[in-house]
Each structure stands twice: as structure tokens, then as C-alpha cells.
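Going by the order they are written in, the chains are A, B, C and D; count residues from 1 in each one.
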């Protein structure tokens, strides 16, 4: 381990050697990629399978290898943060895929002056402006490029006026849609549909004054049948075991899928290794 | 981050579930059965032997017996029988939905959830592969909307492969695989607009969905879209049931790829999942009995005697295994 | 088929009409506060109110945890407002901590709204501990030592200089915890804090999160659940004031009434159409 | 109308938020130009914000700063690795993209084990509920526990795919499970309504009271 630590020891970035190491690393990386590229085609599938396996190996091993008594984790545990950093940093490099897909499409629309090019242009402008001001908000403490006050207030305008209120407004739309959905869905078409409807109505009524008022006068001995208590019963004693059973199934499904993916046993058009 | 160190026996349980499932997956493949399966079994036993040494005796012996049983099953089972699985209504409707979209000359929309590149999204994409292939065979257009940049990459490959497999590679348009936004409600607003403007005729929502599900399904409902949905989020199931034409409940989602492909490997996996489910069921029933028994011992309803003493020990062991 | 039209209409009301009616139902009580419905508080809300009343009676510090951001202010905000006004009315000292970065400001706004009326002074009567990044660790630490864990208030003043915390060392010196939350924060409190000194806890969740609390209410690990805006309305009623909680509770009742009405219409339409179709068939065969 | 009110109405942040809210709400009636405009603004802003955050929250603190300031030069290796993502745009290098995607498949698979232990094992343990009333367990609690177990078993049975459900007991159990699943989902639906409506009410309030201040200005 100490040799590895020694080889990969940090070099102060002021030192010229840093840049040598930096560019050498990139070159070596590209070299390996080039090497992989000239390998015969048959080698590609096993390589992909191997990389997939290695990708999952760390977390799996870290989880399964026993922990010596008196320790917080096994010998792999200290690298947990490093591992998640590598994953998230690498993940960030894929952000370009999103930008190419989204901005590329709207850029094409704009330059070809398609019917909706104005909207596409707006989108691109908003993207550029928001990126600049998000970065400025973090980067320009002294307000080097534009006065800090202007920078702050433009950012506030875009963030609070735009992003957060649009977020909230879109979220609030569900308030409309949930009404039309319940109007359409809760019909007694079948026995099952009536279960769905009855429990939804009971729970709804149990949550508002309307419900409390409806069954307010029920004698104390029959407290259970007060709407709010019925509603609580459904949520606490029927919903929770049903939900638990469903999640067990889902968890096992996820476990099976991840085992298949990890060991390259997954079958499907993209995943198929048999072909 | 959860670590097995807190509870080593829990890890054993996960191992067993994994082994059951894996065993079924592996034995379903032709030719690969015995050596690979035996390796897995051996791996498990070695891992569990670790446990016996480092940890807690009673429970581990139980687990060893269980894995010995498994190993026996692995070595003696047959792989030439392809299992049948029960009917899943929502999946039978896929062809109908795709066919109708083609008749109307309007595109098919697919969304693998709003999560990141994770297991539900990949399962969704896997199912979409099969659907997109039949969309391609019909000569229709598929729009894939994703909420995570790498998914745009994987999705593009999946749909391209599907169009090639459907015999119409020339119909694939990379612009139809769209990354919309990684922000939940920006994504919802984009999809809502897309459904209206592209006049989507059939939509498939399969992956992790959250509150935005209702926005997407209600807008699609209004435009007369046939909707088939599946999700790993229990909280969104009621809304899908209320607004979609067909819903894959619970882990029908994970069974879908096996159902559509009839691939022995995937079917084997489903059988493995069933066994694992059964194991959970048995553990819960045993746990309930053990808990009740211990409760009675504590309250003095059962008196100590040599006969009950060993029973008490067993129940106690069992409960400690999961604590 | 004229006889069918009424049924058909009832079961296929244009959604746009539904949305307009919804908007009207929501907007009217806002513009005309005269529109009122009687409030019948649920037993849960009463329990909750009494639990806070008991906490206040000790005149020891009460710890409020705010976990909501602007997006669930529509529920949690009014709950927080009702509870904070109640505390001020009793003149109970309190400390606010937040586990959402937007929350300290939202909480402060609520306190500022009433501070003058009830003569509350920052530092003397209450303190805002600000946003705590690591929730579980903070709670763990506070069980031993509040000032050592949090160190500064939200504006950076050292907690040792805050008079209201003078005699407070740990959670032991706190008379109760009020958890105002749209997220799963309950487990952390129950698991790490309340069981150590048997500190009473009141759970103030959004309506969707309320079921999380039921098992703990049964086992008496929490003293009360104040659910959603309806809870805020109940609370204001119990306190004898009428503010936003009451108003929004009224609106909610009306919206729910609308939904129930629509479900009834839908079913009448559906079954009416079915029955009249059957009748028509009978007549046709005769 | 006094100038203060006018000034308030045209406060840029409020105005932007209010028009955006109205535009988004207009979607429930029909898709229209105003909605489309704000949809594009929203997506543009969201993408810009996300790109900004990618840099300021992840890349800069976790990669750029450690590499350029602390001199951990080996971080440079992620540049060629990250380039592999872009292989999908060429036929020649698309297999490299598959390689890096494969790495991510493995990664997400690996975390599932930990997730399973963290999330679901406690739920299994929590299902060990005593069925006989004694001591602290009241009759009512025991009855509830019976119901709990019955529903759990019923719903789990419904989700058996490969085991034949021809046995009458199994079939009945599965049907009971499905019925209970419906009740549970109805309850879930009902419980969600309040939170969603509260948000809608809050937004309407934002337009009518916070922005237009109609409660003050309507009748004066």
C-alpha cells in the first residue's frame, strides 16, 4: 500500500512536475483507451462484463466482508467516501449528454427557424443566463464582472421569481388533477373499484372538519366508527402491511435485477450478451 | 451508508436471498449450470463459515444448514424445464396500445421514471426495448423522455437497437430520445407539453415516479392516450391505478421483462424471486411465533421447565438473528 | 336516447368545468372571509393541544424542529404559526432548529409576525438555532450538550451569550419537542432523543406523513399528532383565534365537499346510464 | 390605486413568479402559447441551474480543487474516462460508452445489497408482532396483529408469479390480498389529497393575496 501511496502522492500544483504528471495521466488514459480500441471485437464483451463486475465489486465486498471485532468497518470501509466521490465526479461528466440532447435539439430548431423556434431560442437564452448567474453567484464574491448587487438580484430574480415559483406552480397543478382523477376513477364499476373508492372516501373525510362533523355525534362506545378513527385504522393497519408486502416484492425484484446486471446475466436488447 | 458490521446476520440473510435468486437465474441457462452454480454455493458457504468463526453460533448454524440445502438443490436440479408464470394483464395490452397508435399515425411515448441511472430505470429501459421493437415493426415512431443525462445515452442505444431488431433501423431518429430536465417539475412540464404537442397516442411509464406522475397521466388522459404504467414507488401506484388504462402492480414491474421475452434466464430469475419471497414469508411467520412465545415466557404464562427451556433458547436465537 | 343524456352528462362533466369550480371554491373564502364553516376539532388535535399546554406550563425551554421549506409552507407554515402563537400566549421560552436550509428564515418570519403583540425579544424569550446540516448527529449531540453541539445561533452569536439558554444544558432541560415536518424526521427523534430522558414529543406532519406517526401514538411514544392544515385550523379553534389555519381549513373542507359531490355525481351518472340502458333493452325486446 | 400598490404589483420577482404561476395553471384548460413559453423558460432555467450546481457542488469541491490546489494529479484520469460517455455519438467508439455505462450498472447493483439490508430487513423484523394477548399486549393489539399478518401474507401471496395458484386456499388468499391492496391504495390516495390541495391553495393565495392583495384592495 505504501508504494501505491508513494507513486500517487500529491505534487504541489505550483510545481512544474505537477503539470507533467497531469498531462501524462491524461495521455496514459487515452493510451489505454486506444489500446482497448485495437483489441479484437470478441474481446469487447468480456471487457464490458469485467468492468461492470468491478463497478459493483467495491460496494458488495465492503458490505459482505466481515468486520473485525472492535472495529467500525472492514479494510475497505475507509474508502467509502473516495468511491462515492469518484462515482459522482464521473457522473458529472455525463452532464454533457443531457446538454447535447436538450440544447442540441433546440439549437437545431432555432437555426432552422422551425415553427416553434422562438420557444427554443428562449430556452437556450434562459439556459445560458441561468448558468452564468448561478456560477457568478458562487464565484464572484467581489463582483468583478458586474456589480455584486446586480448579480445577486438578477440571480434572485431568476431563482426565486423563476425557478422556485415555477416549481411550486407545477407542483400545485396536482391539486387540480387529483380532483378530476378522483371524479373519473371512483366509480363503483366492480367490487375492487368499490374497495378503492370506499377507503379513499373514508380517509378523505376523516381528514377534514366535514368528516369530524358528520360522525361527531356517534355515542362514545362506537368511537371506532368515527370517520377519523376509521381513516386512521385504514392507514395504520391495512395500508402498512399491504405496502410492506409490495415493497418486499419490489426489493427482491431489484435485488434480482442487480444480480443479473452485476454478473452480466441480464437479458434484453441492449443488455444481451448471448448474441 | 449502511454497513453489514452493525448486524452481520442481516448480511447472511441478504446472501441467502441473493443466492436463491442467482441459483435460479443460473440454472435456467443452458450448459452453464453445474460449475458456475457450485461456485456460487461454495462462495456462500465460505462466506458463512467466516461468520461462524467471527460471530454468533446458533443462527449461523441455521444458515449453514440452509445453504447446504441450497447447494444440494443446485447440484441436483435440472435446467431443461422452463417455468411458466402467471398472466399479467397490463402486458397483454401492449400490442393493442402500439397497434392503435400506429393506426392513428401518432407516436408512442416512453418514460423510464424520473430517477437516475439506477435499477428501476434500467428495468424500465429493458422493457422499452421489447416494446420499441414492436413499435418499429409497425413502422411507428418512439419518443423516449428521460430525466438523467446518462440515461439519455443508454436510452439512445436501447431504442436504436430495438429499431434495428424490429427491422427498421432507418426509422430511428436520435432527436426522439430526449433529455428534458433533471428537475422533477421541469421534467413534468416538459413532458406535459410534449404529450400535447406531439399528440402522443400511447404512453408507457415504467420506472421510479413521484408526485409528478399525476400531472403526466392526467394530461395524457385528456388527449386520449392509452397509458400503461409500472413503478417501484408504492406511493404512486394509487394514482396510476386511478388514471392509467393498465397498471403493473408491485413487482409485476420486475417480472415484465421475463414475461415479454420468455427468456429462460429471466424466467429463472422470477422463480428465484418467488422462492426468496417464500423465505421471507416463512421467516416472518416464524418470527411472529417466536415473538409471541417469548412474550408468553416473559409474562410468566409459560413456566420454565427443561422442555420449554430449549424452546426458549431457539426462539431467542431466532429473534437475535435479525436484531 | 334523450333520457340518457342527463346520466351521460353527470358522468362526463368537462374537466375544465371542474377546474373552474375548484378555483372558485378556493378563491371565494379567501376574498370573503365571512364565509365560514363550523370547526370540530379531532381528538388527535385536542391531545396535541393539551400536550403543548402541559409543556408550556413547566416554563422550561421547548424545542421546535422545523423541517419544511417553502414548498410545504402551505401546510407546515400554518401549523407552525398556530403553535408558535400558542407558545407566545403562554409565554413559554422556545428554541427553533431547522433541518432545511430555507427553514430558519420561514420560522423567523412567523415569530416576527407575533413578536410585538406578545412582547417577545430575541435571545431573552426565544432563539433561532438555524440550519443543522447533519440532522442525526446534531440530535445525538444535543442529548448530551446543546450548546456544545450547535455552538452558534443562525446569525453566528455564540449560544453561551443567549440568555434563554442559560440554564439549558441538554435535552434533559427541555420540556418538550415539537417536530414540524414534511419529511421522515420522526424516527430520528424517537430513536435518538426522546427515549433518553422521556422527553414528550408532539408530531406535526403534513397530511401525507401523518400515518408514519400512528403506530407511535398507539404505543404512547408521541403525545399527539397535529395533521396538516386541518390540524392548524383545529389548533386555532382550541386557542380561540381565527387566522389562516381556520380559513384554509374551511377551504379544504369545501374542496373535499366538492370532491365527494363529484364522486356522487359520477356514480349516479354511471349507474343511472346503466339502469336506463337495461330498461331500454327490456322495452326493445318486448 | 396608490403608487405603492403599483410598485408592489410590478416588483420583478413577484411579477415573474405570478405570471409564471398563471401560465402554468393555464395548462389545465388547454396547452397554449403562454404555457409553452414558460415551459421552455422553466426547462432552460432548470438546465442552467443544474449545470451550475454540477460545477459548484460536485466538480469544483470534489475534483477541480483537490486536483489543482491540493495537487492530487491522479484525478486527471477521469478526463479520458469521462470522455468515454461521448462514444455513443460515433459508431466506432460506442462500445466504450457501453463500458462506462456498464461500470455504472455495476455500481448501482452493488449499492442494492446495502440498501436491502438498510431498508427492508428492519421491516421484516418489525413484522414480528405477537398474536396472543398477554401482559402489555391488549386483546385489541393482538387482533390488529392478526389482521396485519393476514394482509401481509395475502398480498405477498398475490405476488407469487411462478408458483401455480390453482390451490383453492392459495387462490382465496391471493384474492384477499388483492382486495386489501385496493383498500390500501384507496387510503393512500385519500391521504395524499390534503397535501396536494394545501399546495394549490397556497399558490392561489400567492396570486390573490400576496401579489394582487385583493383582500385589501377589492372592496376599497
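Simple rule for what comes next: contacts are C-beta pairs under 8 Å (C-beta built on N, C-alpha and C of every residue); 3 or more make two chains touch, one makes a residue touch a chain.
Note that this is a predicted model, so its numbers are computed, not measured.
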item: Distance-to-centre winner among chains (Cα means, whole assembly as reference); value: D
item: Between the pairs A-D and A-C, the one where more C-beta pairs touch; value: A-D
item: Greatest separation from subunit C - chain, by CA centre; value: B
item: Separation of subunit A from subunit D, taking each centre as the mean of its C-alpha atoms, in whole Å; value: 8
item: Length of the line joining the C-alpha centres of subunit A and subunit C, rounded to whole Å; value: 28
item: Centre-of-Cα separation between subunit D and subunit B, whole angstrom; value: 18
item: Distance between chain centroids, defined by C-alpha means - subunit B, subunit C (Å); value: 35
item: Contacts with two or more other chains, residues of subunit D listed in rising order; value: 24, 27-28, 36, 38-39, 42-43, 45-47, 49-50, 85, 88, 98, 104-105, 108-109, 112-117, 124, 127, 149, 152-153, 156, 159, 181, 185-186, 188-189, 191-194, 196-197, 199-203
item: Shared interface positions of subunit B, touching two or more other chains; value: 1-4, 11, 14, 17-18, 119, 122, 150, 153-154, 157, 180-183, 185-186, 189, 211, 234, 237-239, 241-242, 249-251, 255, 270, 273, 277, 280
item: Residues of subunit C whose C-beta touches two or more other chains; value: 15, 19, 22, 71, 207, 210-211, 218, 227-228, 230, 252, 255-256, 259
item: Subunit D-touching residues of subunit B, taken from the complex the two chains share; value: 1-4, 7, 10-11, 13-14, 17-18, 83-86, 117-119, 122, 150, 153-154, 156-157, 180-183, 185-186, 189-190, 192-193, 196-197, 211, 219, 234-235, 237-239, 241-242, 249-252, 255, 267, 270-271, 273-274, 277-278, 280-281, 283-285, 287-288, 290-292, 295-296, 298-299, 301, 319, 322-323
item: Interface residues, subunit C side, partner subunit A - complex; value: 11, 13, 15, 18-19, 22, 37-44, 70-71, 207, 210-211, 214-215, 218, 227-228, 230, 233-234, 249-250, 252-253, 255-260, 262-263, 265-267, 270-271
item: Residues of subunit B touching subunit A in the complex; value: 1-5, 8, 11, 14-15, 17-18, 21-22, 25-26, 29, 47, 50-51, 54-55, 119-120, 122-123, 125-126, 129-130, 133, 148-150, 152-154, 157-158, 161-162, 165, 175, 177-186, 188-189, 211-212, 214-215, 217-218, 221, 232, 234, 237-239, 241-243, 249-251, 253-255, 257, 261, 263, 265-266, 269-270, 272-273, 276-277, 280
item: Subunit C to subunit D touching residues, read off their complex; value: 15-16, 19, 22-23, 26-27, 30-31, 33, 71-75, 206-208, 210-211, 218, 227-230, 248, 251-252, 255-256, 259
item: Residues of subunit D defined as touching subunit B within the complex; value: 24, 27, 31, 35-36, 38-39, 42-43, 45-47, 49-50, 85, 88, 94, 97-98, 101, 104-105, 108-109, 112-118, 121, 124-125, 127-132, 134-135, 137, 145, 149, 152-153, 156, 159-163, 165, 181, 185-186, 188-189, 192, 196
